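One chain, chain A, links the two complexes that follow: it is found with chain B in the first and with chain C in the second.
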Partner chain A sequence: MGWGSVLLEVTLMPLLAFATGLLLVLMMRRIRARLERRVGPPFFQPLYDILKLYGKRVQISHGFIHDLGIIMVVGGYITVEMYLPMPGMDGLAAHGDLITLAYLMMVPSLGMALGVGQCANPNGSIGISRALMAMLGYDIPFMLVIVAAATLYGTTSLPDIIAAQQGGGMATWGVVTMPVMAIAGLVTTHVMLAKEPFETYVAPAEIATGPMVEMGGKFMGGLFVVQAFQVYTAGALYTTLFLGGGTSWLEFLPKLCAVMFLPFAITVLFPRFKAGEGLLWVWKWPTAIALLGLALIYLRR
Partner chain B sequence: MADKDKDKAIDIPVTAGQPAGGSPYAGVFDRLFDFCRARSLFLLHYCTGCGAIELPPAMTSRYDMERLGIQPMATPRQADILLVTGYVATKTLKRILLTYEQMPAPRYVIGICSCTVNGGMYWQSYATVKKLNEYLPVDMYIAGCMPRPEAVIAGLQQLMDKIEAGRANGWQDYYRRYDAYLGKQQALFGPRWQTPTDIVAEARRFELFGPGTLGAHTSLLDQYQQPLELPSEPVFGRQKDESGR
Partner chain C sequence: MTPLDALLALSLVTLLLTLSCRHQVWCGVLTTLLYGVQLMALLFMSTSIHYGVPVPSGVHFNVLGFEMHWAMTPLAWFFALITLGAAVASSWYASTSWGRHYAATGGSPGLLQVALACNVVSMLLLLCSADLLGLFISWELVSWASFLLMASAGGAAVRHALHYLVYAVAGGMAVLAGIALVYVATGSLSFDAFVASLSGLSAGRLWLLLLLFGGGFAVKMGLLPLHLWQARAYADTPGPGSAFLGAISSRMGLFGILLVLVQLAGLARFAGLVLPLTPFTALDLLAWVAAFTIILPTFTALRQTDARRLLAWHGIGQGGYMLLGVVMGDALGSAGGLMHVFNHATYQAALFFSVSAVVYRTGTSDLDQLGGLVTRMPISFTAMLIGIIGLAGLPPMNGFVSKWLIYQSLIREGHPLLFIAAVIGTLGTILSVYKLIHNMFLGQLRVEHEHIREAPWSMTLPMILLSAVVFATGYLPGLVLRWIAPVQRELGLPVLDYTLGGYQSTAGSLDMIWVVTSMLGGFAIGAVLFYAGGRARRVHQLDNYAGGHFLDAATRYQYSYNFYPALTRLAAPLYRDSFQWLESALVSMLQLASAGAQGIYRSVHPSLYLLAAAVIAWLVWGGGH
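Then we have the complex of A and B:
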């Protein structure tokens, strides 16, 4: 594969991921609205929000690191998208693997911590400490899922994992070959998206949206872009590991929506955990399920 | 209250938009952003008055504001619209001004209920502000005691039309005639009134510096200005604060 096509894919992949992410954000807001018996936002609402926020004038600065933080958050996710295969495009996926991806997915959170730390708003500091705490929680089941996938497929390369599942049809999909792990992965995805009841670090009524508290105008625009990337990344990674990716967008997109439907729908049912309670819950249940799943995989080998 | 600039203050001011730049594409982007601004409005509620009770039905399943792109936000930094519902006491006005000045431009203010228009049933109260638009630019009033959710949504839609046409320029007026607004604020709070936001510097940065930005009242700002930060030497076991704050 020549440099030209790699460059093209690396440019297209984040853009496509962003567009799909916007669609998923719209789906999230529509599902919430329908469950609350509302109509919900119009089709282009996520795009209007982002364009409007980028059209705002920023009259304040909290300093250089604050500005750098938001670049790290958006940049981190753009890099993640380059390593996450999508139908027809592998981008840099052949040059990195699951471990690289797991590492890169931490960069946005760290960038956020860096940026928010400088704005000196106590709500922001509380929020970001809770966000890192949540990361400490979901990273354990997440890592177990990665270990399980690597053990089962015998590789950490994402294109190979997809090829292994697409070669043998639906019977070789991760969700069939390691069903217990698929449940743990779904719960982990839910925690990773910070949906209720794990919404501890956003908590609008308690700490005024936590890390986002001082983010206005273009900074907020960056975070809305990141939200689109975040939902896409979580869904695409799950689809890749458990549902065999997709040979085309016609196959990939319904899978993505099906995966995300569950967290988006059940989140409406819950109030919020306390930060410590949420952490303990994550260390207890998804971790226990993931350990069980891992044990089953080792027993079967 | 000073009646000198009464005429100027009572009219909801309409100022001209940005002068057209050299590039033919500048206007295109402005129109695109105005289009998006009108369709995505983040609300910040300043609900100390009774009008707040009409907002939950306007937001939830019965009337659902989100279908128009309107949703509530938690902090002034994230918001586009400051919603002042009901009477404004002189004490709450201070907080409203602090909140308003923290919002990123372009920002809009909506006064809901008769109390924000003319004091309403608090007309004879010594502690209540009568006309909100004397102290900060109000883009839209929704009158009524209290306005029904339909009226609130109709008002918001009118504001959306105004934004899309590029006529909701109250925030620019605050920079261009800051001295007049500040004068009204000082008439209530005394000559020592200060906010942490440097409106004059922002007016320069946004190129909205008008003949009314500086004046007799802004010179009082400089006269009574106190340093916002404490002295730089380390203050463990903070001594008595001589600035009186």
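Then we have the complex of A and C:
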């Protein structure tokens, strides 16, 4: 692959991921609206929100680390997208595997934590404390999914994992070859999105939106950008591991929407867990399902 | 005189000079320079080491018929490099401003430098010993030198150092017993005789050998359940001393394990050693000991409220990764484990330096008494940031590369549960180090810290250099892996086919040059997007949302105490102080036995004791005939 095409791919991939993410955010908001018997926002609303926030006249910063935090969150997700293959583009996936991707996904969280830390607002710090505890929760089933996929496909290279599934048709998709793991993965995806019942670290009525308490203007705008990346990444990773990725966007996009539909829809039905309850639930259910899935994979080998 | 003789002589001269000029203000500067020269002498041997040719010493003794000699092998060279690097950094840090401050608060910087020099000499002797007698003597020297460094602060530190000493002496005796076992079997103390004796050993003897050597070395490494001494002893050592101890001292235990159990005995021998009544082998046992050493101390670190204790507990946990990688026995895992020794030394020293800088300025390392120092001590903050990213094992720092290699090895060798254990350790570390940096540098700046300045250059420069190494060896891990390949060859392990950026394979690759460059690129785009959004107004920390209340300088608006309450609550039932209980039970048992013995032969019934002893002696001797 020449330098030109590499440069083109690493530019296009974050852009496409962002656009798709906006679409998924729109879908999420429309689903919630329909379930609450509202019309929901117009098509471009997610984009308008970001533009509005970036264009605010009053922007408040608590210092350089506050700024750096937002830069790390956005920049971190831009990097993540370069390693997550999308139809027709592998980007830098040959230089960093699934494990690298999983750890790159933690960098934005660290950036967020740093930025919020400097705001010197206990609500924000409590939010980060809860967010990191939640990460300790969902990353265990998430890593079980990763080790299962790596064991099943015999590689941690994402393009190879996709090729293995696309070569043999639907029968070789992860969702067929490791159905129990697919369930654990879907639950984990929901937990990772930090929507009800797992939005302990936002908890508006309790800790004043937690990490977002001191965020306004372009700081909040940055977080809105990241939300688009986040939902895209969660959906795309699930599609890659369990649904064979996509040979074209016509195949990839419906799969993404299908994956994210369930978490988006059921989140509306729930109230919020208490911080410790959520952690315990995640260690109990998705982790147990994932362990069962892993055991099945090893038994079959 | 061989280059090794020159190095050892130079090390001894450093010790003697430090001893004679310890009261002079320039003592620290001189020793730093001398360590620098030693490091140069070591690098001078690198070509020979790279080709796997050991550098022998011209000096050898004959003690009671035992030949004692020394040689610098690739394994020894790798550990010596870290030792001398840590010595240069620690001595430099302690040399001027910190030393004066330490003297003003009643400490003796000269004694600290002498203790450091003792450590370096004894460690170099240990690393270069080429026979079991030299190994044991220098092992004991290392233990006592560590004790000297730990106890140099006086007060409570002495109590913790004595705690260490009890463990160290017990460990030393275990090693001695192991050596005696070898001697009985072969009548020689040479490494070759040791290797030759192993083939004829029964499984029971092999277990005994593993437990004696492994247990003895595990004490120094702080492997579970022999870890209780370490955190307190290291944390109470004065600043640069704790950095040195945390960086390399406990790794001497790993060196012992590598030398005796991996190189001489060979891991394959233990793979065939099955634990009675179970399907597990001795290697599985070691791997799980390593896994628990990762998890439990990491979560104990998470509960600490003192920055130095927190780091010291993480030091124990990180040792688990090294052992876990090595016992996998494949190219990836062992390279990861060995590389982690280097990586850990770099970021751990930087972290201890950063914490010591804060102690130097504020007088405390209590995580509930600090906050907001980033605006006052930005260099120390940056060093800590780079250090914690390394410690947590996230890209782009070097800690990620060694952990990646270990993760890959665990997956490929089919150990998913060990992989999850390693991941849990990493996650716990992320939580813990965020608490560390948040409670010290982020959040609200206290009124009494308003006028604090950054630590002086003599302290910040070593930090900056170490942080640069943490980043550079994360960017180009091939630089370190280049030193590890000859070590793997020497240990009889498969050699990692590394690249400058990491490792290439169809089963999963890592090229840190791409990863780090893309991260920097991503951050650059993030920065452009951020700064394109117009100018932000900087506000005072008290200009903050407080639910309608107004904040003033007297209001503490900081979240630091019990940082992860839900986790503490969930984990509380798991903390039953079982290891403390085990230790105190052992102590009580020994006390009871010694009191009983003393009671008999000292005062109560001396004649009865004599009679019993005579009867036993008669039975032993008389029964034989």
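Please note the rule applied: the second predicted complex is superposed on the first by the 299 of 301 C-alpha atoms of A that agree within 3 Å, B and C clash if a C-alpha of one lies under 4 Å from a C-alpha of the other, contacts with A are read in each partner's own complex, and residues count from 1 in each chain.
As a convention for this text, contacts are C-beta pairs under 8 Å (C-beta built on N, C-alpha and C of every residue); 3 or more make two chains touch, one makes a residue touch a chain.
Just so it is clear, the model here is predicted, and its values are computed rather than measured.
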First, second, both or neither for A:45, with chain B first and chain C second: first
First, second, both or neither for A:214, with chain B first and chain C second: both
Per-residue touch tally on chain A - higher for chain B or for chain C: C
Partner chain in contact with A:247 - chain B first, chain C second, else both or neither: neither
Chain B versus chain C as contact partner of A:204, first or second or both or neither: first
Chain B versus chain C as contact partner of A:36, first or second or both or neither: first
Which of chain B and chain C A:71 touches, first, second, both or neither: second
First (chain B), second (chain C), both or neither touched by A:5: neither
Partner chain(s) touched by A:59 [first = chain B, second = chain C, both, neither]: both
Which of chain B and chain C A:151 touches, first, second, both or neither: second
Chain A residues contacted in one complex by chain B, in the other by chain C: 55-60, 208, 213-214, 217
Sites on chain C touched by chain A in the complex: 371-372, 374-375, 385, 389, 392-395, 400, 404, 407-408, 411, 414, 416, 419-420, 423-424, 427-428, 430-431, 434, 437-438, 441-445, 501, 506-511, 513-515, 518-519, 521-527, 529-530, 532-539, 541, 543-547, 557-560, 563-567, 569-570
For the chain A and chain B complex, residues of the former touching the latter: 29, 33, 36-42, 44-45, 47-49, 51-52, 55-60, 204-205, 208-209, 212-217, 220
Residues on chain A engaged by chain C in the complex (per definition of touch): 10, 14, 54-63, 65, 67, 70-79, 82-83, 92, 94-100, 103-104, 106-107, 110, 113-114, 117-123, 125-126, 128-130, 132-133, 135-136, 139-140, 143-144, 147-148, 150-151, 154-157, 160, 208, 213-214, 217-219, 221-222, 225, 274-276, 279-280, 294, 298
Contact set on chain B toward chain A in their complex: 32-33, 36-37, 39-40, 60-61, 64, 66-67, 69, 73-78, 80, 103-106, 202, 205-206
